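Shared between the two complexes below is subunit A, which pairs with subunit B and subunit C, respectively.
Entry: the complex of A and B
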């Protein structure tokens, strides 16, 4: 069996005002990958391609070992997909939707569905049109989770949710992962959500994957060094430091491959290292995007 | 064994649109009841309402069952299920045409009963009636096909405008260009002339062509959402 739940190689898709360029992505089975990118970065296009809803112009896509889009039906039996623009039938109840899903999926877990109804504070008799946005998202995720899919593909599921609803959903996602072999691709603009649950992080911007790595490695490698450089001291350009912002005597260096010897190198050049700080995923994301855009410009 | 998802999608569409079918059949039944009153005015009013109920459904069903799926964003929910875009298109066409046929066949049966059983119109009107009954069916297929292929409310509305304004034109052409039809429609027997068969053949050929073309174009789509 293939080790990857998702494999994209050299995937390209051109639209009039947007281009997905040479996307390569691998999600190992049993892991959660957070796909982070600003609006219009290509997150949804990438997800639609791997769901077989959009045909790429070039490149190879495999999901759970099936070639997409040709074998999308076989793959979709084991994929649970939800996106922020997905809606259920307004005039019908959640119970109606549950029965509809039961008629399709023999893997439907009724006990788990009942449990999720309670945990999410939903009622099967409620009509979808009477639900709030948060409740609709929860209802959609209930329909996805209770199918017990091997792969969850969630396109910005927490967008527009209040903190409590977001917490409920992230808690359930983490619980779902306790089951062996389940994989999750989770796209979001909210780096906090991604940081909370992901094992792997992939940054995408303007149709290009700009970085993809293990979350812990990311957080470990990126550091902010606060420096004091007396007049006459020139801060050296060190490998692993991608940006230096200097205002008078004070400077901030951003390192994407931090090693303790970097601080020593600055000390040796005459500067004083005031602090070495960890960066949040959001700060790393912004720095990464800015660096990528500079590189493209250059 | 895995269930047939396309069949489940067809059943789902029938459940979602059952009220439209029931109300339209009820409308058609009321129109036929008006015919029973007898006299020229009720016959004209009843006949017009009878066709209006079918034309109404021919416009409403494609909007409800096809256009709304995209407009109300339930399409991505359906496409998350194990179904390809070609199978989805085929299932959607079968459900939409199937629902219309339920109505069409019911009203056709009721209409024939009114002529043969209750004698509210001469039996000679049956061939012309059959030809006229096919017009909303062709119009419906054209609207449904346009809605499915273009996935656009605008194009579906344009198709409706074209179809609805064509009915009178077709009626005019039939009456003015095929005199054998009007000569025999008041008679005591149904005359199935070669002209009638030719027209019915063209009508069924058009229906087959529209549905075939719709399935072909749907199967060639590369982007679905």
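Entry: the complex of A and C
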């Protein structure tokens, strides 16, 4: 048994208009990883590859120790997967789906399913066709959560949900962590969700992984420095600073490898450091994508 | 507290043999409008609990994983808050036994002292940024002190 719930090495996949390049990814058992990136970055393709739904052109994929796609059947007993394009049977009730899952998975936890029904405000007697989008999402997640799988793989689980429903889902995801050794990989457009519940953050853009690391370390590396440069003082270009915007005497520097000595370096150039601010994942996201777009242009 | 084995934080709710949820999660507020990182917000709220005596010296506090689940925040963030508080000597971790508020009856006072030191440092920094002299700053503080204590006298 290795320490990784998910392991991708050198994974490539080419489509006519999109290419996934040399993706390497490691999800440690017992942790939650948030996968973020702009639309079309390759989040869903990555998830489909590790679920064995898409076969990569090259590279190695292991999930819960099983080689994918060859051993995907064995792996999937312990994986709970949910994505937007999953369909429930419209003419059947939620209770019918629950019984269906119960008949397949021995790990099914009926007590937990009943609790989730209540918590998500769903009713077993409801037919799927009568459910709203948000209710369908919650129903799908209930069917996955109550199996108590070792690994949860969720493609945008909170998209299209109202704030209360989102809150409920996030809560259930963190609750999964009470049990040892369970792992979660989820993608999201909502940086706040990712910032709140992930242990690891993986940032993907244009088919490549830009960053993949411990969330606290990641957030800590980024800082916004508010500077005042008296006339005649030129702000030096410093390593670790990816962007400086100056209007008049005031400037804002964005650092993606912040060290306290950066502030000292600005001070000794004659500028004044007014503030060193933490950045939210949302702000980091935008700065990161803009930088990677600049690199493409250059 | 009728059951001394329960955390002061809230009641555990069980499904099967598993702890899934606890009740008083609203006690910790992680705010998006707060510009500080989440681990600092958690630290501060834990300190407040200790400072006001809700978490008494030597008392058991939730494990990292439990608190993470309670407030719906990643384990790694809560772990960081615990590590920093441990470094500051506010809490202690005993192998295999769990986490506790540091013993010593002065811990509340220490937290308030730390808070005051931070405020004062912030005030001095702001003053320095404006080019205010030490004398001037002292004068301002004295005036505020008089005003605030006068007000307190009035209300008494």
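The working rule: the second predicted complex is superposed on the first by the 295 of 298 C-alpha atoms of A that agree within 3 Å, B and C clash if a C-alpha of one lies under 4 Å from a C-alpha of the other, contacts with A are read in each partner's own complex, and residues count from 1 in each chain.
Rule of thumb we're sticking to: contacts are C-beta pairs under 8 Å (C-beta built on N, C-alpha and C of every residue); 3 or more make two chains touch, one makes a residue touch a chain.
Fair warning: this is a prediction, and the values are worked out from it, not measured in the lab.
After superposition onto subunit A, the partners subunit B and subunit C occupy separate space and fit alongside each other.
Of the two partner chains placed by superposition, only subunit B is touched by A:100; subunit C is not.
Contacts of A:18 after superposition: neither subunit B nor subunit C is touched. Of the two partner chains placed by the overlay, only subunit B lies in contact with A:140; subunit C stays clear of it. With subunit A as vertex, the superposed Cα centres of subunit B and subunit C define an angle of 140 degrees, given in steps of 10. In the superposition on chain A, contact of A:109 is made with subunit C only, not with subunit B. Of the two partner chains placed around the shared chain by superposition, subunit B is the only one that A:90 touches, whereas subunit C remains out of contact. For the pair subunit B and subunit C, the least inter-chain C-alpha distance in the overlaid model is 23 Å. Only residues 15-16, 18-21, 30, 32, 35-39, 65-66, 68-69, 72-77, 80, 129 of subunit C touch subunit A when the two sit together in their complex.
Only residues 31-32, 109, 111-112, 115, 167, 170-171, 174-175, 177-179, 192, 195-200, 214-216, 219-220, 272, 274, 277-278 of subunit A touch subunit C when the two sit together in their complex. Chain contact summary for the complex, subunit B toward subunit A: residues 2-3, 5, 8, 11-12, 16, 72-74, 76-77, 79-85, 87, 222-225. Across the complex, subunit B is touched by residues 48, 51-55, 69, 72-74, 76-77, 79-83, 85-92, 100, 103-104, 106, 140, 144 of subunit A.
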